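Which chain is which? They are A, B, C and D, in the order written, and residues in each are numbered from 1.
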Amino acid sequence: MNYQHILDDIYKASILQPKIGKVASYIPELSEINPNKLGISLTTINGENFSIGDSEERFSIQSISKVLSLTLAISLLGEKIWERVGVEPSGTAFNSLVQLEYEKGIPRNPFINAGAIVIADILVSHLKNPKEDFLSFIRVSSGIRTINFDESVAISEKNSGFRNAALANFLKSFGNLQNDVDEVLDFYFHQCAISMSCRELTQAFYFFANEGISQSGKQIINKSQVKRMNALMQTCGFYDESGEFTFRVGLPGKSGVGGGIVALLPKQFIVSTWSPRLNSNGNSELGMYVLEELTTKTGMSIF
Amino acid sequence: MNYQHILDDIYKASILQPKIGKVASYIPELSEINPNKLGISLTTINGENFSIGDSEERFSIQSISKVLSLTLAISLLGEKIWERVGVEPSGTAFNSLVQLEYEKGIPRNPFINAGAIVIADILVSHLKNPKEDFLSFIRVSSGIRTINFDESVAISEKNSGFRNAALANFLKSFGNLQNDVDEVLDFYFHQCAISMSCRELTQAFYFFANEGISQSGKQIINKSQVKRMNALMQTCGFYDESGEFTFRVGLPGKSGVGGGIVALLPKQFIVSTWSPRLNSNGNSELGMYVLEELTTKTGMSIF
Amino acid sequence: MNYQHILDDIYKASILQPKIGKVASYIPELSEINPNKLGISLTTINGENFSIGDSEERFSIQSISKVLSLTLAISLLGEKIWERVGVEPSGTAFNSLVQLEYEKGIPRNPFINAGAIVIADILVSHLKNPKEDFLSFIRVSSGIRTINFDESVAISEKNSGFRNAALANFLKSFGNLQNDVDEVLDFYFHQCAISMSCRELTQAFYFFANEGISQSGKQIINKSQVKRMNALMQTCGFYDESGEFTFRVGLPGKSGVGGGIVALLPKQFIVSTWSPRLNSNGNSELGMYVLEELTTKTGMSIF
Amino acid sequence: MNYQHILDDIYKASILQPKIGKVASYIPELSEINPNKLGISLTTINGENFSIGDSEERFSIQSISKVLSLTLAISLLGEKIWERVGVEPSGTAFNSLVQLEYEKGIPRNPFINAGAIVIADILVSHLKNPKEDFLSFIRVSSGIRTINFDESVAISEKNSGFRNAALANFLKSFGNLQNDVDEVLDFYFHQCAISMSCRELTQAFYFFANEGISQSGKQIINKSQVKRMNALMQTCGFYDESGEFTFRVGLPGKSGVGGGIVALLPKQFIVSTWSPRLNSNGNSELGMYVLEELTTKTGMSIF
């Protein structure tokens, strides 16, 4: 499979697509991004990388970080975490409080904001220096020592994060938040403020395609845990549009409001895209297009 | 892979499991089934079959039929059907009217009852003799000429089907049902009343694992449509428990309240189980166990 | 209090109001009504009547009939009916199925469609000739022998009544409908198709202002039942706008999509208006205005 | 009307009632109250007072304070406040976030917690010393200079008030909270922590029965505003049980989780009860009984 050729073709077609969607605007750090950025990067299981466009430029990974925080929580506590968060698609908008109320404070899954805040609470409880330790985990599993928080993004998130503060307080009222609300939110806002490039994301997610083993040969989580993580990305990775992504693309993956998407085909490749214009569901319009083209052209999907 | 050996082991372990769950009780034809029935059947892409237990005994396939009716609708109309039904997991109980109201009469997906009734309406519109033609479709794609409706089940469904009648009328009030309510429901109740054995189900679902081509070599739907059908089974096949099934089993599949489940690994195998005791979400308790064991023991899943 | 003078003033001001709102359009019999019709009629506890405009012209009373059917049900069965229907405001749109699902088939109150269908079911169970007997009840309590159904309205309601058919089937699926769905709906559609004028409505509702005793001196329901009926009109009489009506007008009352409203001040008067243009909540735009003016100008309300 | 005789009879019957319901337990200050306390006090429009039982003992008025804060907001800003809060019954539990989400941050009415927090925000914006000024308002309108906050209650509310913090943050995320979340909550928790006796409550609510004029002759709000306040108490005063209270008692009123209820008959009397055992809707079980007996025995209600 000549991946570079395929990526080149898709890239050329992509930049001719109508410019649909809007850049996330709730904080200045996201709203001021050039909306025309487009990066694509694919790393095969053999470690070969194929990239095009703005694939080396770092951006705010936002909700993509939820996969990594969940992975760390699972590696620390195992299946116990499922007492505090579910594994079902949400069926409603990604930051809805409605379902949380019906479910008595147990978020439907760890990728809606409420669920990710519970995971953040777990990490705050079990890590000595939560922010530093989380960063170390990503640096080790990706093999990239320079990955870091964007502090200005973290501060902006905090200053406009009333809905997340509502979620955290609501979780606490149900007894599903053990630490101080402000401490958990500080961790959560930092987690979402990690900056990475498309190429770096394919390296950080390599172990999900390689039975839990990172490019440097480290077993991050076991094979059974990888299966479950990929399953969760498949059913819950794209907010209220997870069914649509599975239907069109057919790969487990995760998106963020910074415009990034990462997806993978087990034992084959990890692919990441970045294009800041979002559709009405908060997913990158062009990123979805790129990935659908990729699985259509290659005929490679999990189905 | 010695599938027969694996199935034998799982079968032995299964019959020692605690007898949890309740047989569907809303019609006598289902409630009177022996709750201890257990059948497992697996057909490989090469056509080999491995079976154990009550794998040759026919049972009411119920909601499993929704996959087949959707397939026929897609083969007749293609992508046009997605104007009338969505592809997102429901996030609520399988016969809920709530979401239908919020969604203005467009069911979330074709596997919740409302969505399946819309598909039934499409088939009633496009088939000359809807019931006979649907039966022919299944007989041809499975290669089994004796597959038939269980008329007593169909009559019972009709006599207790007030919730489905509510759904159909509700859809009609939104303009998303074109034919007479009674005619559509008659088709729908018959569709759900098809009887098949585990072994027969693996034959009928063979083409989903074989890029759309049936065991007899007939192209039922194209490769891209297969991808989408498998994706839908993955995200929406198990009512309010689709996430759980994906998480534990990691295969696209579909369950029915008759206690049947069918699942598949593309290019590898199709597997079907039958055990009438259902968990609180309406899925076969033991069937879920069998399939989780299968993917755990073999290490074979889409993830 | 010179009611005629007050009504004249309000009438003059009313016809100068901007013509806001839309005539109900789901059946031709309602959509073809002249939208500029305006009638006002007020009958005092002493039996004096003051009227202006189209106050003698009959129109389709629609949901106003729900008060009369409930009254008959209470007079037949007393407090027992509250096992099958609640007394709380709905808090959502008037024909929503959502709440019915959460409440397990017990409608929130007898004035939402689901609740009125339960009351219709009760009357069908307890009346020998339901439609005739209901008509007799209204004729006797109002003293007007010519009140009748508009058969063409009843037929049109039936032909477009898929949402009500959905409700009735839904209620039946919960076990809260004892008779045949079609029979109950036939009664319900007739009940809503009664034609009365503003003046006639003040006579039919006279006993609610007179401790249960009609103008002809007949005790229709007892004093305690009157209190409860008026309370229900106060909290539930105007669909999703009951709070607004209470807030602005301060009288118990009931509206219908035919554009009619009837309201009353216990021991003082009964007032009825008719203007077909409806606001977004299904209540007569001008009727609300007239009644707010009346209680503001006279200073007479229950508060 | 011999009110003392009637109250004595009702009191005697009340203490023989089965002891149903539970004292509010979310803060120690409420949970440690003697559950058998029972006070009843009635003040007529002429200023006569009739009391029995624990009618002089102060208790935490809790949500009853919402009527007083709303009154002060209306007296300061008039009808403008209705841009930020509605007047419709909630139809769901009193602290639900669900409706707030559907309504895009506009609480259904000022007596659900979200609505009361919006009113608190308005008062924080418009009062120089919010807590002191609010206290002054109550002291002046009731004529009782010793009314005060119970600081230990206010502190406990704050320490367990995660759900209210969730509501405030949620409102802020919708732009319907102008001040700092903590400042608004501090005011709100103090407002709910006011202590008053049954007798004092009848004095503080006197002007609602007297066209806006307090016992000392001060016009607190105008006659039209009184009508609207009483209307709101009627439709929204008892959480998810407002319909039931209107239906059984037929008076506008307001309850609190401290076990207090105050109700009134315009131009006749104000009545208050205190009994800490609450029913499942958060209203005083015995208080509801006392008031239903009062309107039944006297035949005096707004209907």
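Criterion: a contact is a pair of C-beta atoms (placed from the backbone, for glycine too) under 8 Å apart; a residue touches a chain by one contact, two chains touch by 3 or more.
Just so you know, these numbers come straight off a predicted model, no measurement behind them.
J.: Can you list every chain that touches subunit A and also touches subunit B?
T.: For subunit A paired with subunit B, there are no chains in contact with each.
J.: Looking at subunit C with subunit D, do both copies bring the same residues to the contact (over half shared) or different ones?
T.: Counting which numbers both chains contribute, over half are shared, so the two copies meet through the same residues.
J.: Go ahead and note the Å separation of the Cα centroids belonging to subunit B and subunit C.
T.: Comparing mean C-alpha positions, subunit C is 47 Å from subunit B.
J.: Roughly how many whole angstrom separate the Cα centroids of subunit C and subunit D?
T.: Subunit C and subunit D have C-alpha centres separated by 32 Å.
J.: Centroid of subunit B to centroid of subunit D, CA atoms only: how many Å?
T.: 55
J.: So which stretches of subunit D touch two or more other chains?
T.: In subunit D, no residue touches two or more other chains.
J.: If each protein chain is taken as a node and each touching pair as an edge, is the resulting graph a line, ring, star, complete or other?
T.: ring
J.: What does subunit C use to touch subunit B in their complex?
T.: Touch list, subunit C to subunit B: 96-98, 101, 162-163, 165-170, 172-173, 181.
J.: Provide the residue numbers of subunit C that touch subunit D in the complex, in ascending order.
T.: 86-92, 99, 108-109, 223-224, 226-228, 230-232, 234-236, 240-244, 246-248, 250, 252, 266, 295-296, 299, 301-303
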